[in-house]
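I am attaching a structure below and will ask some questions about it afterwards.
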């Protein structure tokens, strides 16, 4: 496996296409576009990493998986009263579907759905910021992980689209807390700064039936781990989820920081990072890396 | 496994909800709503069947998998110039997406996409009817399988929605042959009459890396088998695909005849049948059966 | 003419359908549903009024005409860089069109368009509240006209839909000022409290080529008066504008307070009021009244 | 008036923009792009014409007014069970609105609506082709007017979009006759070949309360004449109707052959022709001509 990972890393050193670093918030646009990292964590406790695997970056929408896991742990299937579990067929930040379907977002991985999940977290916890942090720290085994204030505030200042979504859903009665409070927590979650090593580590519970393989603690039930994997497979890469399933064949979740995490149930988790995004907002080199990984390994969920 | 299948069958004998037999064409509406069958075929050559497992029914949209497999075998990735591979987020027969995306259907399992696949088949073969039949007969190991003329003609007479889709795509230049020819072949494919035993048998190549386990012939490459599974998982149950992935966790394909086929890669295929459909056009008892199957077995692709 | 007005008033005393008083903000829902008034002002200085013609009510969207007039007077055709002049074909508060057309609302009489107009007013004036008030006071010849604070604040508290529109347009760069500031001025304009007598009076400049017939001052150029009439005719009654043109045949503007004002160029203006709204948010009895008015009079713009 | 017309004609001799002759059917694309004509007919029996005013061209969608008038004359308000009277807000050939609103087109001047009107005509008459012809011949006072077979067949061969509309509406139950029959009559109506002189003549009944001023026969009731004018004003220029009302201020109807007819109720009708179309499918020079006409004349319906 190490050889496969290293081969891919070398093959793709000079990968070039017209992908570009996210520029919708200033704090993200400053990232070095040439950074590239791959980290694999296996249930057999093997850790393989190449490239800039200990450089932390903004995990952005990958945080939606942590938020959903925390909510499901608390209120279980009740969350599905507020958000669906179907692919949206529209862009990650579209208002059209929300208006046509009266305030219920299609799934928890488009922005509107994640904002609903964040709204639920604020209802559940007095200290949701602390809960998210302590969850991510425990999963990654690293107590230094933190929000990136600069990214969070940059995000908050550029949140008109998300505010539009929140106000629309609030108009339909599907949001309980104040829009500003929701945007603040949402933006902080997006700003979580992690390396591919830490991300691979943190997602291993989803390959392990919901159990953190290091601490042996139950993060969520086996059933819910499978379901979160199913949601990642059908909805994890925005409007490119079908293509990702077709090319890579693993449940995965991407973020506009350029990270992608994927899970091979019963075996491993893998995190890749390259900041340059394709037109769907997903790391172009990241998807290419993962496609080669499952092709060379000859294994996917299919 | 036999015990699991029999238990589910008995548990669900009295399953009741507000699902109803398809009534959009007369030929389908006459089916006895209480028929119920489950058939499992494993790579270990085990065959388990309960209920009305040898009664043939109209496989309808399940035929879209056969048509796609036949096209991919012939022109490979070229098919993706004509049709996408993303979940549509809209109803199976919607024109909206086709208009907004200029004649390119989202995936080969919504009607528009399947009509494009059929159009390609007419281009490839002089005798596409014979090719489809011989493929299905070989896969199922039963040379008696045939089109149901009554269903096909009932379908053709009620094909205004599909004709609307074909003409719209032809206007965008994404259809080569005559609309009537396409509707005729499409309707005949939908009218294929098969039992759950035959269907489970026929889909086993997708659990076996593209190789028909009985004849050892290559139906498609391993890569394409995985990709067809990926497409079924993200797009196989119309606008309920995400929910099916969440509840059942297997690639699957449904038809408005009430059949659903699912694949557990490396292990087995399973076909279920109950004619009563939920609001999404999928067999309600069929989905319930499959959800219990993967739950009791403790296995899914996730 | 007096006879016609009085006849209509009596004919429709017992008018009944399933129209209902607006209930989306508490302040509006308390209005007596049986109030009914008609006021006509002619260029020949005749004033005809029947019913509750001096009772003030919330003019709501009728204020959009005042705001547009004030903006056009200041920046002329420049306003059309920010907002279109086509009927929208969608509900007055829809976000769909705004998303598809990248932040440019279809016309100044749907909410999104009016919010853009208000945004321009804030740019133009240090004291836009005062400017609006002084314009309306001058047009109506009544210096007592004022905002209704209770209605305005009720509106502000229930403005999630409008905030969603403003944030979406701000995301597209089509809004300059703060969303809260815009909502505040917008809600105050909507809360303007006027009687049918005052409204008929205030709209007479649009029947008079832009000149206030009482003060002889130029409110806007003749060209712009005609254009504002054209906009009212194609877009003035939300998603019922075509029907209103068909039945009544005059440029008009309605509000969810139950008022409707219409203009017969070169002749007169007419204001009607009945708080019960049809499903399009227009006064049902008001439309019926105006249809009879142009029918009995045998005159419309057509 | 003659002076005004001649001045405009000379001012605009060298009018240039990026408008282009329709190329969607071969028969239309061959027209000389530099042809230009203006014809005015007044109720005072004055006829003013300049330029290529006796050259016949394909009236295309202008024929929708004749078809609607013929239907209304026969079944009156019953037509509104099949088609609405609101601006559509979408392109003239869009399927989206038809799908969302379940087969009922927004108005009789978008393609879908006109196809419904044609379907009704086939129900009403044994010989609808003859009826249309005899109506147009009587209105224009010219018994030579005829369908242009070449244009009609070119149209029929390129009618996939319209067939898509017809089949979609038939699926919703809003079409009675065979799609091919409807497309044939529709295409023949579009192919009617008329000069601006003949068109101005033919529309004069709409300026005259429904009465043909030459023959004194009643074409439709006064009420219906006004209503047809209202429909032209709100829906007559496809997706540019609001703009046309704003700039020109008259009820009008355009066709992709480059003709536009407008009506000044109580006074006159005017037909203009220049084959080059703007992006909305309307004659660019034609609109400019009409805008100057109402501006120089200082009269519009507003």
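For clarity, chains are labelled A, B, C and D in written order, and residue numbers in each chain start from 1.
What we mean here is this: a contact is a pair of C-beta atoms (placed from the backbone, for glycine too) under 8 Å apart; a residue touches a chain by one contact, two chains touch by 3 or more.
Bear in mind that the values here come from a model prediction, so they are computed numbers and not experimental data.
*Asks:* Provide the labels of all chains in contact with subunit A and in contact with subunit C.
*Replies:* none
*Asks:* What chains do subunit A and subunit B have as common neighbours?
*Replies:* Both subunit A and subunit B are touched by no common chain, going by the contact rule given at the top.
*Asks:* Measuring centre to centre with C-alpha atoms, which chain is farthest from subunit D?
*Replies:* The most distant chain relative to subunit D turns out to be A.
*Asks:* In whole angstrom, what separates the CA-based centres of subunit C and subunit D?
*Replies:* The separation of the two C-alpha centroids amounts to 32 Å.
*Asks:* When the centre of a chain is set as the mean of its C-alpha atoms, what distance in Å lies between subunit A and subunit D?
*Replies:* Spacing between the chain centres: roughly 55 Å.
*Asks:* Rounded to the nearest whole Å, what is the centre-to-centre distance of subunit B and subunit D, using the mean of the C-alpha atoms as each centre?
*Replies:* Computed value for the inter-centroid distance: 47 Å.
*Asks:* Note the residues in subunit B that touch 2 or more other chains, in rising order.
*Replies:* In subunit B, no residue touches at least two other chains, as defined above.
*Asks:* Linking chains that touch, what shape results: line, ring, star, complete or other?
*Replies:* Graph shape here is a ring: one loop, exactly two partners per chain.
*Asks:* Tell me, which pairs of chains are in touch?
*Replies:* All chain pairs meeting the touch criterion are A-B, A-C, B-D, C-D.
*Asks:* Spell out the part of subunit B that touches subunit D in their complex, as residue ranges.
*Replies:* 94-96, 98-100, 160-161, 163-168, 170-171, 179
*Asks:* Touching residues of subunit B toward subunit A in the complex: what are they?
*Replies:* Counting only subunit B, the residues touching subunit A are 84-90, 97, 106-107, 223, 225-227, 229-231, 233-235, 239-243, 245-246, 249, 251, 265, 295, 300-302.
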